[in-house]
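Sharing a structure with you now.
Each chain gets a letter, A, B, C and D, in the order it is written, and its residues are counted from 1.
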Amino acid sequence: MDYSASELMIVNAARALQGNRVVFVGVGLPNIACNLARRTHSPEMELVYESGVFGARPARLPLSIGDPTLVSGATAVGNMLDLFTLYLQGGLVDVALLGGAQIDRYGNLNTTVIGDYEQPKVRLPGSGGACEIAINAGKIFIIMRLRRRAFVEALDFRTSPGHLDGGDARQQIGYPGAGPERVITDRALFNFDNTEREMTLVELAPEETVESIQADVGWALRVHPNVRTMRGPSQDELSMIREELDPQGLYR
Amino acid sequence: MNGKILSMQQAVARYVGDGDSVAIEGFTAFICFAAAHEIIRQRRRDLTLIRMTPDLVYDQMVAAGVAERLIFSYLGNPGVGSLHCIRRAVEDEIPHPLALEEYSHFGMVGRYTAGASRLPFFPLQSYAGTDLPAVNEKIRFVASPYSGEEIAVVPPLHPDVAFIHAQRADTAGNTHLWGLLGMQKEVSFASRHVVVVVEEIVDEEVIRRDPNRTLIPGLIVDAVVHEPYGAHPSYVQGYYDRDNRFYLDWDPISRDREATEAWLEEWVYSVADRAGYLTQLGDERLAGLAPGRMVADGVNYGRYD
Amino acid sequence: MNGKILSMQQAVARYVGDGDSVAIEGFTAFICFAAAHEIIRQRRRDLTLIRMTPDLVYDQMVAAGVAERLIFSYLGNPGVGSLHCIRRAVEDEIPHPLALEEYSHFGMVGRYTAGASRLPFFPLQSYAGTDLPAVNEKIRFVASPYSGEEIAVVPPLHPDVAFIHAQRADTAGNTHLWGLLGMQKEVSFASRHVVVVVEEIVDEEVIRRDPNRTLIPGLIVDAVVHEPYGAHPSYVQGYYDRDNRFYLDWDPISRDREATEAWLEEWVYSVADRAGYLTQLGDERLAGLAPGRMVADGVNYGRYD
Amino acid sequence: MDYSASELMIVNAARALQGNRVVFVGVGLPNIACNLARRTHSPEMELVYESGVFGARPARLPLSIGDPTLVSGATAVGNMLDLFTLYLQGGLVDVALLGGAQIDRYGNLNTTVIGDYEQPKVRLPGSGGACEIAINAGKIFIIMRLRRRAFVEALDFRTSPGHLDGGDARQQIGYPGAGPERVITDRALFNFDNTEREMTLVELAPEETVESIQADVGWALRVHPNVRTMRGPSQDELSMIREELDPQGLYR
């Protein structure tokens, strides 16, 4: 069956969300993944947006995290103080989806600058809510394309903490949330199921090999003893994405 | 009709001076482009611009050269990409350098809240273990007198003036807002002056029949500007949708300095006011942004006499 | 209809155990006497009762002997005088001693807010120069890392269960409340379990047509009890007025221990439930509490599809 | 003209409020005084109640600070967090009216206990919002009946700070508000217009003398060089109180 790299990420993210009640959603791929999950295995899933919306029922694909379609028909819409204090810091978010321009082996993320902070080569958007989401959400799923420039040995800037320097560093510093659990990319899937909390290759897209992935990862990659193959989208998942969630193919 | 009703031209002339700190807030919604364009037209300089998400509104203001400093938490064209004019200022000092003071969203939420509450600091579970405190000395840590655990704090923020767009207000500035509340209430209480910009001016009784819906009391409002579609191309819940075509169009325009200046000339400098902008935009474009109806059920507060 | 819909008898049996901390909140309004009376009927003991204003509701519970501790900020019969049963317990240990943990209103507001926000402390401009910190070691001071000035702080409060009365909720517990919001939202988010008690159960769509009016999301609600007039003799905005005659009558009753016990026998122990209480009270008494109509104007959220 | 001690307090309090925009109101006498002021010299006056109401327009005499008549027709009604943080702590309250069971020469108030805190002779209501009101409001007017048991040399408990130990003690401790400016009683009026910030007798009710007041004050009373006589209620003020504000004479 023919599908795009984005569609592969979306369906794998949607499947990973199964069993989670409250999901903190970003716009774009994460948003499509969450809505796919709600329409397939998790109808009870509640979508939280940092714009202050809880229990959104978007009638169309939101154009931004502040789209009016997220407000009309939502369960509750409050101010951002409530969203960040009562919902996120309050510990009600089960899982949040984050991405970044750079990621390291411990799932720490950079969305601030490429190059020096004062004289940046590229000025990126910055934290938004990502820094506190990474600290307070129950767990984190990271969704980003696997590219050499993104999977780096050392971040230019640490915007959002993953497992810091690994091991029990998060517990030591006292974060409420458990941090990154999975990294979902267009070419492979990773988890952190080891005491060092180091990113581990567990699944490969059909045409990929351990070597082809290692070639685009900036550190000596930890590989699971038996690496499986990523399951592609089903026909149902594809048609739901193409016909309902992203009819214009903005994220194709 | 009291003295608070001003035109946008009068409100900017009276409440925005060179070197002031200005907050045109509204999280992805209620963004008062009308205020931004008037500030550009009046050629203010050396402003400190404050917004969680600078969005296109500050991309345009920075391109026009009104700003020397930016206090923010997320620099992006929501759902589209980069803010190229701000990047040009930061990366290449075009039209001139732009100083950045950077927080996370929660940090900005905390700064507004501390400012509104006259608190010396706002504690939040964030920043520990990141590089943000290293580049912003205003982000500090306090030990809890109970557990001893350290928690991040941010200081109060007091903009010289806030421009707050909403659906309706009475002539005293008592303001009803529904939809995304953002931080409109807190930034208003935190600011030295508040200009409320509304789609409709309504009778005081409309406000008083639903006092829980009053987000901003006239007590803290200096001026009320009646400016329909004043938030275009962003949106106002129940009144118009975001004009996403413009958000997409801005990407190629803003990538090119000349194209950006041509756009500012055509849509800001060469129009007298918001009415002129809307005429140039055309009724058809606006009609296409009208939402359907989803009306809240009335609630009875009861008459107790 | 999901499993959250319970009778008050079921809700109290399931969520209130001996020794628990219980918050029946509602600042002078929305006071859920129905929950208090059911807790008395089920003869719970050693409870920590939490309320900013203990009011008649806790005066009755203390007289019935369910409480061993009180966390509060103002002990009075609003507009009338003293809470004589609580004074008897404090001054004369009748029916038994009652430990007091005392704050100001702002301190209780801060404790609920810190609890709801998972903050280690809440800073507030209060207490310095008074005798309150000397009698409550939980009131402490923190130095600002900016100015060095000291500010008072209070720790988070997490009641085991909160009973929150409101006008309407859907079967999932998504709750609309209008009028005096008090601290109903914060105490709900701060509590381990939440029981919402409403005048009306409504369709989910009624809630979703006005999401800004949703004070409490079903996400944090364990049970929904449909109990019309459940807040009598206090009031529910738009539904009934405070029964001031009862607030006045309670003063002489509560001054006398035997009269108080006779009242508890007649109005609590010998009635099966709220329905029984209302029958005994009589329709005429309730009809006299009906307010006139003052209805909020509808607002359009818009349909965006 | 015949009037009661309460009516004398009410009209003097109402007159004292002239020129103040935002008044933090308690129920009872203060409430009648504020409504009298609004209906006479200060129609622009905004009434704030700790229950979360700003700009109340009560259609009847409120039975408590949480009366529903304060909500219907008000300018804004929010939660108590907003009221205490944005309005009171935020510095928007010009003047607040307070009372107490005991007051000392510096206007410090006790509303907590008579006798020992652990074994109280009388357990009083406690602070309510009085402690933070006394600290944050722009200034304070104290309204209470002048009785020997109330005007004491030393408080049994300091619930709400006045001028502390006098002088610039408030500035030293860093309070935002200026503290007590007047004490309005049924028998005399006092101010604190001296560097020691000590209560000073400035006006006497017709039948009172400096001696009769001193006899019921527990410390050597400071007396203004020329003490004036309290102005009694006008016919208009009396009829407004008796016919509109307190028709049942609850506070007569």
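Keep this in mind: a residue touches a chain if its C-beta (ideal position, glycine included) is under 8 Å from a C-beta of that chain, and two chains touch if they have at least 3 such contacts.
Note that the structure is predicted; figures quoted are calculated from it, not measured.
Undergrad: In how few steps can one go from subunit B to subunit D if every step must land on a touching chain?
TA: So the least number of steps between the two chains is 1.
Undergrad: Which chains lie in contact with each of subunit A and subunit B?
TA: Correct list: C.
Undergrad: Going by the touch criterion at the top, tell me which pair is linked by more C-beta contacts: C-D or A-C.
TA: C-D
Undergrad: Would you mind pulling out the distance in Å between where the CA atoms of subunit A average out and where those of subunit D do?
TA: The separation of the two C-alpha centroids amounts to 57 Å.
Undergrad: Starting from the mean Cα coordinates of subunit C and subunit D, work out the distance between those two points in Å.
TA: 28
Undergrad: How far is the middle of subunit B from the middle of subunit C, if each middle is the mean of its Cα atoms, in Å?
TA: 38
Undergrad: State, to the nearest whole Å, the distance from the C-alpha centre of subunit A to the C-alpha centre of subunit C.
TA: 40
Undergrad: For subunit D, write out the residues touching at least two other chains, lowest number first.
TA: 53, 67-68, 71-73, 77-78, 89, 176
Undergrad: Using the touch rule from the top of the page, what residues of subunit C touch 2 or more other chains?
TA: 113, 118-119, 125, 149, 179, 181, 185-186, 209, 212, 237, 241, 291, 294, 301-305 - these are the residues of subunit C that touch more than one other chain.
Undergrad: What are all the touching pairs of chains?
TA: A-B, A-C, B-C, B-D, C-D
Undergrad: Any idea which subunit A residues touch subunit C in the complex?
TA: 21-22, 46, 53-55, 57, 59-60, 67-69, 71-78, 82, 85-86, 89-92, 176
Undergrad: Taking the touch rule as given, give the residues of subunit B at its contact with subunit C in the complex, in rising order.
TA: Spelled out, the residues of subunit B in touch with subunit C are 118-121, 123, 125, 140-142, 144-147, 149, 151, 153, 155, 167, 176, 178-179, 181, 206, 209-210, 212-213, 237-239, 241, 291-305.
Undergrad: Tell me, which parts of subunit D touch subunit C in their complex?
TA: So the residues of subunit D touching subunit C come out as 27-28, 50-53, 63-68, 71-73, 77-81, 84, 88-89, 112, 117, 120-132, 135-136, 157-161, 164, 169, 173-176.
Undergrad: Within the complex, which stretch of subunit C touches subunit D?
TA: 27-29, 52-53, 72-76, 78-79, 82, 86-87, 90-91, 102-106, 109, 113, 124-132, 135, 149-150, 179-186, 235, 237, 241-242, 244, 247, 291, 294
Undergrad: Which subunit C residues qualify as touching subunit A in the complex?
TA: 113, 116-119, 174, 185-186, 189, 207-209, 211-212, 214, 217-220, 301-305
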